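Dumping the structure here so I can ask a few things about it.
First chain written, first letter: the chains are A, B, C and D, and each begins at residue 1.
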Amino acid sequence: MLVRGDRTYLVEPGGEQGTDLGVLEVPEDVQPGETIETHLGDEFQVRRLRGPDLFHHFERTGAPMVPRDIGLVIGETGIARGDRVLDTGTGTGVLAASMARAGASVVSYERDPGFADVARENMKLGGVADAVDVRTDDLTEHVGDLEDSSFDVLTLDTGDAPSLVAHAPALLVEGGFVAVYSPFVESTREVVETARDVGLSNVRTRETIQREMQFDDRGSRPSTAPVGHTGYLTIARNV
Amino acid sequence: MLVRGDRTYLVEPGGEQGTDLGVLEVPEDVQPGETIETHLGDEFQVRRLRGPDLFHHFERTGAPMVPRDIGLVIGETGIARGDRVLDTGTGTGVLAASMARAGASVVSYERDPGFADVARENMKLGGVADAVDVRTDDLTEHVGDLEDSSFDVLTLDTGDAPSLVAHAPALLVEGGFVAVYSPFVESTREVVETARDVGLSNVRTRETIQREMQFDDRGSRPSTAPVGHTGYLTIARNV
Amino acid sequence: MLVRGDRTYLVEPGGEQGTDLGVLEVPEDVQPGETIETHLGDEFQVRRLRGPDLFHHFERTGAPMVPRDIGLVIGETGIARGDRVLDTGTGTGVLAASMARAGASVVSYERDPGFADVARENMKLGGVADAVDVRTDDLTEHVGDLEDSSFDVLTLDTGDAPSLVAHAPALLVEGGFVAVYSPFVESTREVVETARDVGLSNVRTRETIQREMQFDDRGSRPSTAPVGHTGYLTIARNV
Amino acid sequence: MLVRGDRTYLVEPGGEQGTDLGVLEVPEDVQPGETIETHLGDEFQVRRLRGPDLFHHFERTGAPMVPRDIGLVIGETGIARGDRVLDTGTGTGVLAASMARAGASVVSYERDPGFADVARENMKLGGVADAVDVRTDDLTEHVGDLEDSSFDVLTLDTGDAPSLVAHAPALLVEGGFVAVYSPFVESTREVVETARDVGLSNVRTRETIQREMQFDDRGSRPSTAPVGHTGYLTIARNV
């Protein structure tokens, strides 16, 4: 990331970025803490990219998952180094990139070819192009081709999540997790019922309500403008 | 992890575990999916450890941070491969271990020598002994000795968090995050005021309310027994 | 109400109450603030009954509506002196009695004859026997017999609420409110769809999450044991 | 209330109201359900005023209390016919008027003479001028002049609520309630500590989070734009 005051750009090493202060050429071996000048001589600081930056700087093909919900998926499934994750739909790719940044290898399905292209670019910007394999395809049609017990975690954020949950026991290693994000009660219920039917354990759905606190001279209180509903998160385990 | 039905044991490779079905000796080169027999001949499955298991299987020296809150810290700070994290107080060590599992190198301070010993054992069980350096010390007394700009993220879960936040601008790289977990409004306010005073940016505090959903034959509804308050999470950035 | 320390009894004027300290005979013209002795000479204070006492002292035939939800119904429909309210199912009768105490005349239907008898006794205890007409019947079967535009407010707390909502435009005066209490999302949705279909206005459903705050020497925070889900409250207006 | 389509006017019987369709003269003996013509011959329907209308039609001198919070005060204190209530500060007067409409006689203090005048006009519009005595004064200075045990309920919505709570045991009858509405944690804490110090019972503070539910073709879910924080409600009883 390149930063100058309020100006921030996400550029991959070796890339080039036009700005209102001139063009920035970023060396392949750029390091955080260095300074790069535009061709007009204005200095930008090189900053290491962090997860929440993905949310703000990835090119969007829809509303990306917010850092809080990415954290909940990572926390509840325990995403870590060495994990093999099957993910769909990719969308903007913030979840896939975040899991890759935490050490996972991710296979991520996105039906829309244009979205998939953007997601692949985003993976390069996020420095995880080698760890995320974005496939332009409908996972529902290919789920039978995937090897049994070849994933540690399955993350689903599509309308057909219920039918995919049915494959979780075959796809996941023993002890693996499936995490499903669904905005509506009805689709969440279908996910839960399928998870129970196919024998997954510890099936639970949580909704998360967050409120920002305000601290000013008058006192402390929850914000009068709270954070809204984003979705229901269902977690189940293959045990 | 070794599993047989409802019996689950967390044992490090090369370790030994007594069970009501006999003693389990775990080879150094044990692999997930294998089967190990007790000396009485009962089989246990070897399962790869996942983050939420830490919460249930680490020896406790206090109430460990729940998976949800660990996820929120990881999501809001973007913990990832290569991060250098300064953490205090270690406690049971679930947060430190989870960040290490996501690829971070963690220096974690714990004042209580007994707690620190347990935490070190827990790091071995969690397979992250090499990535987490548990120091039996009070960070407040040693914070001046630490090198400037040597951490990407600072995670604080102690009563003296406000005084430590004052050191965040010196300790963190540009763009780094501090995350503070505090149970009470008053201490949270002190943290926020200090963060503002020392010039950290994007200072915000969130409280998280979660409710489990119930799906049964009668219909769908939030649980009548919701998940309680755990604490306020304050996030600020060194920009 | 008769009170002695932790002992509290709800007795109607002219009634008699056995206690472990002897029998209390309550005069017809008893006044709050007076003192009554048991036949063994122990003194009880006479206290004026208040709404929240109904919740604790009415004989129960099911879980009565909590004071909070009664308040929400009264606040959102504006129950006041002179209102004519149609209510079903009566149950323990706390809602009917509370509305009557706020000045409404209530016709309340309860299918179960035993429950209806208990509710009638509760109305006497609550001092509103003259203002609440408990009818042992199924409102669904009699809703056609009721006069048009003869109610200001309709309060529904039964499984067949959706079918009754369809009659709200006929039963209510112009400007009147219907309030429906339903525990599940599915039944709530049916209520909302019916309300829209029959042309009611300002149809809205709210769920209420309450948390108790704790203030102690360590600081201030929400209780770790919050108040659970009780139900969805749907309000619509006949305009 | 006079209604014609989206046009609604709140006029007291005997009053006059200018509209874009001509002047409405309202007879002293007007009845709900009647029709009144403007001097230009356009018809308006006469509707009985309901509590939630006060919120929308009273002249405002500040943010009035929302119907939900009025309901919570009424529900938790059991406001009913015959109650004597001491209230401060009056503000727009929606709470005082609502309690009066539920049968209470209210003495309400408002320091600001202009606000008090508006509140008196609002009481006339609300049809409760005889039941609400708006006093232009600071209750803190006059609290010593009030007769002991002369109120059933005390409702406080001012910054000096903590000092007034100290007088609750003297002012309230045995069994009476005090309800305090405070926006900030700090002032709420002061209220709670004072209530405990002076020996009130069942002291509890609740915060209320409400969410509107959305039901559309895609499914059912909480609104992404929830209802914000309005304040902490502390209830205590004089027992």
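Of note:
As a convention for this text, a residue touches a chain if its C-beta (ideal position, glycine included) is under 8 Å from a C-beta of that chain, and two chains touch if they have at least 3 such contacts.
Keep in mind it's a predicted model, so treat the numbers as computed, not measured.
Chain A maps onto chain D through a rotation of 180 degrees [Cα fit, steps of 5, range 0 to 180]. At the interface between chain A and chain B, over half of the residue numbers involved are used by both copies, so each side presents largely the same positions.
We define each chain's centre as the mean of its Cα atoms; on that basis chain B and chain C are separated by 48 Å.
Centroids of chain A and chain B (each the mean of its C-alpha atoms) stand 21 Å apart. Counting partner chains per residue, chain A has residues 185, 207, 209, 211, 220, 222 touching two or more of them. Within the complex formed with chain A, the residues of chain B that make contact are 1, 3, 32-33, 45, 47-48, 50-54, 67-81, 98, 101-103, 149, 152, 173-177, 185, 188-189, 192-193, 204-213, 215, 220, 222, 227, 232, 239. The touching residues of chain C, when paired with chain B in their complex, are 183-187, 207, 209, 211, 218-226, 228-230.
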